[in-house]
Amino acid sequence: MDGGFTHVDENGNARMVDVGGKSPSRRTAVASGLISMSAECFAMVAEGRAKKGDVLGVAQVAGIMATKRTGDLIPLCHPLCLTKSAVEFVLRPGESRIEARCTVECEGKTGVEMEALTGAAAALLTIYDMCKAADRRMVISELRLLEKRGGKSGEFRFEAGADD
Amino acid sequence: MDGGFTHVDENGNARMVDVGGKSPSRRTAVASGLISMSAECFAMVAEGRAKKGDVLGVAQVAGIMATKRTGDLIPLCHPLCLTKSAVEFVLRPGESRIEARCTVECEGKTGVEMEALTGAAAALLTIYDMCKAADRRMVISELRLLEKRGGKSGEFRFEAGADD
Amino acid sequence: MDGGFTHVDENGNARMVDVGGKSPSRRTAVASGLISMSAECFAMVAEGRAKKGDVLGVAQVAGIMATKRTGDLIPLCHPLCLTKSAVEFVLRPGESRIEARCTVECEGKTGVEMEALTGAAAALLTIYDMCKAADRRMVISELRLLEKRGGKSGEFRFEAGADD
Amino acid sequence: MDGGFTHVDENGNARMVDVGGKSPSRRTAVASGLISMSAECFAMVAEGRAKKGDVLGVAQVAGIMATKRTGDLIPLCHPLCLTKSAVEFVLRPGESRIEARCTVECEGKTGVEMEALTGAAAALLTIYDMCKAADRRMVISELRLLEKRGGKSGEFRFEAGADD
Amino acid sequence: MDGGFTHVDENGNARMVDVGGKSPSRRTAVASGLISMSAECFAMVAEGRAKKGDVLGVAQVAGIMATKRTGDLIPLCHPLCLTKSAVEFVLRPGESRIEARCTVECEGKTGVEMEALTGAAAALLTIYDMCKAADRRMVISELRLLEKRGGKSGEFRFEAGADD
Amino acid sequence: MDGGFTHVDENGNARMVDVGGKSPSRRTAVASGLISMSAECFAMVAEGRAKKGDVLGVAQVAGIMATKRTGDLIPLCHPLCLTKSAVEFVLRPGESRIEARCTVECEGKTGVEMEALTGAAAALLTIYDMCKAADRRMVISELRLLEKRGGKSGEFRFEAGADD
């Protein structure tokens, strides 16, 4: 653990932290999450992808658009001008799960972790929305930051043993 | 499993499904999700709650506001005039996890599952944002629909054995 | 004073209050506010109005659009489908002040006070924005609810002696 | 021609017209528009559709989402809770043009013409965005209301000789 | 024709293209479009302009505001901090048509074509909205990029014979 | 008074002024405003603050989020990537008034006065919303720019005798 709550000042007030003194650098973040569903539902999405790509195509657009709206949703996030945003899916047929992976880049003074996490979350929620008539017991899990580069704290990889 | 992909028409096109023929009724949905964190980070949030409520207070506002923006984020969701929206947290000290539970109500022609799920997701993402300086390995999981009432398909409870 | 804090539940949590049990009725609210400025600045706006209406024309559009965004700005406001929204200005040359008056209507279960107040505020802030190169000491004041009709609590007029 | 400028009051002020006295009914509107491009660019989109549907798939989502944002973009439009929104494309290979057709429905007190037109416009602009690296001379044209049903003024069809 | 579909990667996935490696420069784009209407309707707008400027005044504000929202509407557009945005109208009485021309500037890594096109489109749609009670057969056409400066691809003028 | 209406060009058209030629610098602005209420209502807020911070906590989040939305609300404001945003409250028990003070920073080509004013306004409106069941006669006043640093025009302090 490397610090305290930077969003909370000495009086307990929430604030968007001052990054004016930081120097701009290229920032990258990758986040991912999973949605599990019934085997029948999974098959329908998978076939849809083979034939028309619909559910995942819409979820991809939703994820990308959400990365741009992150500052509107997460109260203390800095508004950012992203230079790249992409969402990819990995189908895991054996477990009837779909992984959404979101990669975001920016040149700026703050990291883009929240943008990547928000993009992955929106993509997974959109899959839920488009499949819920077939399965209401889908569950979203393992939503987390996979990696992060740039900025003072340097590189982070979730899988690595030690932080930074 | 009770149906097909209502968002996809016979030609594979995405569309916002026609609910004009449905009759309006009171709809309720409850969704929840968990965020797990290090014991140190959890203690900071828990103490913050005792003293000033800050992290969870901001996350609560973020979750409520997100329920109102659901139609902007999830491409094929109908825009709705919600009549109630609330977010609550349950601290689970033993496992260093926080549960966010979002309840949404509306009188209309479509369910409010997506609003409840989006609210819970935004609340959990906001906790991540406010604590990420202390712990970047937090993980969001078990984001799912707990229950749903109203509409033609009747009552749904995640825990129940059979659907509906 | 006629009540407690309906946005705060018994545990101190913020929530968007449940209006599902209320019956819908026609709701009207009128709010107003003032902006005071230097005599030179006021003259420029007034002449602009006579000739091209520009500052006040833009402020009028800003106020109307803001009434529609109220639920996005005020965390615990219910999203509403307004049936009317209008902003008018009254020039008060003797005191170099401009009054913005915003009238909003809706058929629904909650009042539209916040929409009217937000519309008046946005109109006044837009006047500030468009005139600030000429005068940075403008002050917005007397922003308040003038009147309100509809709903269980009945009619309210700011000027009346007793509430409701 | 059947009326005056309902958005402008007797003093020339813009306002969102009062529809509180209208009775709600089911409203439908269909709008369409065309984008013309080079033959090479058209072939790329058409093949993309056959194989992966990408350009048109993204444009379809953009059009649907824009119908929900119409009240945010068109200053005097009433905010509405749409009950249906769909965008379809017709490829016209002989003329290297793509037609976007947007259908919107709502039960309410105002028509949904602007939602349908805004959806078609956003879909066409998205095609422009995704193809502009291949052709910057694309032109959007014939954006118009094809038909409209519901409301006091009854049915309208662009192709019909007389209005209503 | 100078390229392929930069929004589509090798697997057919949509993505917001990576512009992190581009160097920032001043970017300008001008777009225009036309709306044609009945002679009676055109006369009402034209007189309105002479007297109070209302329809075109509101449409101008709508166009400027839309240039700022482009990244929210067009899925793969980069969010940008515009440094200039303006909308002008040219009345063409002989043909009962109004031209909207939108000029946008930015210092950044991507062009501002979409912002200019979106601004012109929103201005024309707003004219439609404000005049539709008088004429539902208005048609928007010739919406296109007039010119573009800045960036690696250099200057573009629609009227020029060869691209760039 | 130091200038004319920079938002209005020589023909009276509104436009977002061109700041492309300005050099970027660190900009700071502080704005404040007051809300007055009944003594009973003030006591409830004050006690709430002592115990759970609810009303002011929500208002603080609303104010910070509104600073990020300023370009969406004020038509001719440039969209900006803020580097800091904070809202603080000062309780004035003797006069039953609460002061909201909003501080905003940015590195850019335009000032952030409007962001600070919009943030203070949104915080005060949120207090109104959360207390209106207890007191509908609250009044917002003295909303103004307290100070401003950075940019060509240098430092401004409301209290100082001379401008700049």
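In order of appearance the chains are A, B, C, D, E and F, and numbering begins at 1 in each one.
Basically, contacts are C-beta pairs under 8 Å (C-beta built on N, C-alpha and C of every residue); 3 or more make two chains touch, one makes a residue touch a chain.
Predicted model only: the values in this text are computed from it and were never measured.
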Each chain counted as touching chain B and chain D at once: A, C
Pair from C-F, B-C or A-D with over half of its contact pairs in common with B-D: B-C
Identity of the chain that, by mean CA position, is farthest from chain C: A
Chain centre separation (chain C, chain E; CA means) in Å: 32
Interchain centroid distance [CA atoms averaged], chain A/chain B, Å: 16
Between chain E and chain B, distance of the C-alpha-averaged centres to the nearest whole Å: 37
Chain C: positions in contact with at least two other chains: 12-14, 52-54, 57-58, 61-62, 65, 69, 72, 75-76, 80-81
Touching chain combinations (by label order): A-B, A-D, A-E, A-F, B-C, B-D, B-F, C-D, C-E, C-F, D-E, E-F
List of chain B residues in touch with chain F within their complex: 52-54, 57-58, 61-62, 65
Complex contacts: residues of chain A adjacent to chain B: 1-8, 12-14, 33, 38, 40-41, 44, 48, 51-52, 54-55, 57-58, 61-62, 65-66, 69, 72-77, 113-114, 117-118, 121-122, 125-126, 128-145, 148, 156, 158, 163
Contact footprint of chain E on chain F as seen in their complex: 9, 12-20, 71-72, 75-76, 78-81, 108-109
Chain F-touching residues of chain E, taken from the complex the two chains share: 26, 53, 57, 60-61, 64-65, 67-69, 80-88, 105, 107
